[in-house]
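Some notes on the structure that comes next.
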Amino acid sequence: MMNKQGILSIVSQQQIAEQIFEIKCQGPLVKSMTNPGQFVHVKVDSYDDLLLRRPLSICDIDLEQEILTMLYRVEGEGTNRLSKKQKWEQVDVLGPLGHGFPVEETEPGEVALLVGGGIGVPPLYYLSKQLKKRGVKVIHVLGFQAKSAVFYEKEFNELGETYITTVDGSHGLQGFVTDAISKYELSFDTLYSCGPNVMLKALTSQFENSRGFLSLEERMGCGIGACLACVCHPTEDPEGTSYKKVCTDGPVFKVGEVVL
Amino acid sequence: MMNKQGILSIVSQQQIAEQIFEIKCQGPLVKSMTNPGQFVHVKVDSYDDLLLRRPLSICDIDLEQEILTMLYRVEGEGTNRLSKKQKWEQVDVLGPLGHGFPVEETEPGEVALLVGGGIGVPPLYYLSKQLKKRGVKVIHVLGFQAKSAVFYEKEFNELGETYITTVDGSHGLQGFVTDAISKYELSFDTLYSCGPNVMLKALTSQFENSRGFLSLEERMGCGIGACLACVCHPTEDPEGTSYKKVCTDGPVFKVGEVVL
Amino acid sequence: MSRLALKLPGLDLKNPIMPASGCFGFGKEYAQFYDLSKLGAIAIKATTVEARFGNPTPRLAETKSGLLNAIGLQNPGMDKVCSEELPWLDSFDVPILANVAGSEMSDYIEVAEKVSKSSNVTALELNISCPNVKKGGIAFGTVPEVAAELTKEVKRVSQVPVYVKLSPNVADIVSMAKAVEAAGADGLSMINTLLGMRIDLKTKKPILANQAGGLSGPAIKPVAIRMIHQVSQVVNIPIIGMGGIATVDDVIEFFLAGASAVAVGTQNFVDPYICPKLIDELPAKLDEMGVDHISELIGGSWKEVCNIH
Amino acid sequence: MSRLALKLPGLDLKNPIMPASGCFGFGKEYAQFYDLSKLGAIAIKATTVEARFGNPTPRLAETKSGLLNAIGLQNPGMDKVCSEELPWLDSFDVPILANVAGSEMSDYIEVAEKVSKSSNVTALELNISCPNVKKGGIAFGTVPEVAAELTKEVKRVSQVPVYVKLSPNVADIVSMAKAVEAAGADGLSMINTLLGMRIDLKTKKPILANQAGGLSGPAIKPVAIRMIHQVSQVVNIPIIGMGGIATVDDVIEFFLAGASAVAVGTQNFVDPYICPKLIDELPAKLDEMGVDHISELIGGSWKEVCNIH
């Protein structure tokens, strides 16, 4: 029997880019959050007009102080309400959930390319820290819409080479993450990525034969594998009845493992 | 065109008896709240799971500082949420609404008997202050369940004679307000009362020929006379199609005017 | 023409926002808050042949994101409505949609005939679905043949276009809609309330004196959207959409589902200024969506996209 | 006997709380959180003859106090359910209510026959009302004669008592209930989800890939309470009540309406510990209400009060 539910206290909340917030929460539950790429399922408040929890990635963990950092974009009512919460208010968190990025697939000394798009960037931060600790060389390519949406550039830079792209060219390279990879001729032993589906598809077609891991997003109900809201088809049975659940089999899958 | 809706800031909130809270709110809307016995319609918060406003009586007004005092009992979800609100948070108030107690029906020098039961006590406070200002002699009879539920005894005592009754006898006279009126042989020129229906019925049968005014309660939708949730029958047509609306024709009616 | 204006049978709308029947009385109370001429139209309270007191109280109970009501068609009767309420409304520049109710078919015909002659009533709304009327009423709203016959009879006597207000308490809303369209309805209103109940844990009895009541408010919006989405694809008459509208986003969602105008009910009780607020907020929302005229949104969730301009 | 224990056909309940079908899979996930033997029973996910993938994603959309789902009967098929899921559940001391679904009458019969032979399945729940199955399915749930025939056929082959799960998307729930009772149903489950839809303002399309979905959660509770209140007064078979249960007060409200046990659906997603929480909280609530045994509450909103003790 596990206890995966806990009440965490907000120790800080701040806006770090347009519509993007960083929230840090503290509590004993954080002790179990060791795997980058896992996520937590957050009940923003206790009002019943907004029923479901919201899945948010683990962006960073301070195991000693039991602090979980999440970065989120205000999308709709749930994230909007979360952004209004003050220091010392509480949130109900279920987690850690899912299978994260396999750090052990990259040997010390090898190169890992971490590619993030928009609000897919957060889980790469905890991942990068752990890879670096293991002695892996990390390269980051982070894509955003515009300069105003860029966040954590400094933080990633401290861990390794970091290339920023923006769609409108207002910061870094103009274009998509794939443009940066081509332009700077980035090579790697393992690819780790999280971001919008179009980006993951582009990466898959470019690197289908590489060792790579992609983190997917899907609307979730339970977050624990019971409701079947978040299923996808495995590549070997694209039309059949077999399936993978993003919440428990993922959110991280091998490149080519599931139909995007 | 009137503006009867305003956002008031909570300037204090405290528990004053078992389940009973006193809340003071400030804002320009308060300027228009001159009539005792009127009520305000309060939207406790902006969450949609609790749709309707809650009717609460005006208990006291500080016109100069624009402060409205309300006393309320935590009954269900709405009043429960209200009780959790902190100083400087805001509430959305519609009011003042309805017809209050007619102060002018009692001449200076006459005696007014103010009889309140439980959470019907609050509107009598602002009424008593105004009657006293007019030179009317005020006597209060306030009935509660038990000592733990008694509130504002001191405040009423400062305005005039005050008799407390409790059902279990733990404070004041044991019994009902009508017992106190009989026992102390209280006589009066005008009766003003607010409280549970059984109490109003008892008073009506005892004083049907006296000059008296009763404040009624009914579940409300709009609070402004449009939805017909709060109707009652006038005494002269108890089975017919004519009706009075508690929210706009009342909440205060003459003794005997409507069917209780 | 304004980007909010729409022409529906009998309803020349400055904008697509109107208060829903039963949630606005005959307008007097709200006229204290704002100029009723701002509204697209007004759907007035259900009118019956004789005056009615309605149900005993309590008549309201709250539910999660919803409201149960059992008012029970309280109204002063058609004579008084025609001699007092409607003349008073005449001073405003706003079309009136008169809600017609009854227990027998003959009641509807009598009210429709009389009320439709009033100079400022520009359309009727047949309330065939009021869940709080106990005798007869229900059958009209759930049997397509009966609804069709009623529509036909009322059309025969009405001086103005007739909208039929559909009940959501049916297995097959499409058959209902098609039946009344075939019978001559000029438009549809949907949806009326869902039948519901709440029980008080202290008294152990239903909160409403009438036991059951009609559920309205945000809780029922998904049911309304689904029904309008289904019906608007198979009928050729316009739909006035309603059920839980509280924000300008809700208004847009109803249009995308297939409504050509909307009515706001319960939210008037929460915010008496809601209708003018929605009217004021719509243009900015259209800008944000890159839409020139609100009519471009009608049925947008199922129509093939055609970017003409 | 414990004050929470109840005996229903095929269901020997330690307490009246069970997870609702489709909201608990086959129990494995929740077994990580608590001991499933604590539960009154478990209603397992709908089972069909063949394995099904279900609908494309997105399969969920939130609404005010509600949840729309269009999972689409995804399940591994009856053979796998009987060879893998049910044997795994055998290690718990808890009766299993097996939810049976299909597109044709013959599917239901085949699944019912096979599944009811499993040693730990103590009752069947006929899902005649799943709103997400497109062919056939709907008719079973909305036409009393068809539902009755299906019930009769399934009763003929089933080794265990049969509960029929009613759809709320009907005009007359009482006729449905009476028809299946007359056809031999041992109990009723109600309600399944209401049909609803949400449209995304950005894409202008329905959020669910399936367009419409089933509405569950607190938003639908008043509809469930109303239907159970109506039905429990006219049938002599027990009702498993569900629809929006989230608190112990909700459980009591369902009992007062006329339910003899309750199922919790959507709330499992919000709080995986909800079922054991409700079970733990019930005794204190009974104390507060001065009730010795939970069965005293059944139908309390309409039964004459009789204070025997």
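For reference, chains read A, B, C and D in written order, and residue numbers begin at 1 within each chain.
The rule is short, and it goes like this: contacts are C-beta pairs under 8 Å (C-beta built on N, C-alpha and C of every residue); 3 or more make two chains touch, one makes a residue touch a chain.
Quick caveat: nothing in here was measured; it's all calculated off a predicted structure.
Participant: Would you pick out the chains that touch chain B and also touch chain D?
Facilitator: Neighbours common to chain B and chain D are A, C.
Participant: Return the chain pair with more inter-chain C-beta contacts, choosing between A-D and A-C.
Facilitator: Counting C-beta pairs in contact, A-D comes out ahead.
Participant: So, what's the distance in Å between the C-alpha centres of chain D and chain C?
Facilitator: The computed centroid separation for chain C versus chain D comes out at 34 Å.
Participant: So what's the Cα centroid distance for chain B and chain C, whole Å?
Facilitator: Averaging C-alpha atoms per chain gives centres 36 Å apart.
Participant: Counting in whole Å, what is the centre-to-centre distance of chain A and chain C, each centre being its mean C-alpha position?
Facilitator: 46
Participant: On chain B, where are the residues touching two or more other chains?
Facilitator: 48-49
Participant: Enumerate the residues of chain D that touch no fewer than two other chains.
Facilitator: Within chain D, residues 64-66, 218 contact more than one other chain.
Participant: Counting only chain pairs that touch, give me the topology of the graph as line, ring, star, complete or other.
Facilitator: Topology of touching chains reads as complete, every chain touching all others.
Participant: Which bits of chain D are touching chain A when the two form their complex?
Facilitator: On the chain D side, the touching residues are 22-25, 28-30, 32-35, 50-54, 57-62, 64-67, 69, 71, 74, 76-77, 217-218, 246, 266, 268-273.
Participant: Along chain B, where are the residues that touch chain C in the complex?
Facilitator: 1-2, 4-5, 43, 48-53, 94, 218-233, 240-241, 243, 248
Participant: Flag every residue of chain D that touches chain B in the complex, lowest number first.
Facilitator: Touching chain B from chain D are residues 64-65, 218.
Participant: Quick check: in the complex, which residue numbers of chain B touch chain D?
Facilitator: 48-49
Participant: Would you tell me which residues of chain D are touching chain C in their complex?
Facilitator: That would be residues 63-66, 68, 142, 169-172, 194-199, 201, 204-206, 211-212, 215, 218-223, 225-226, 229-230, 244, 249, 252-253, 256-257, 289, 300-301 of chain D.
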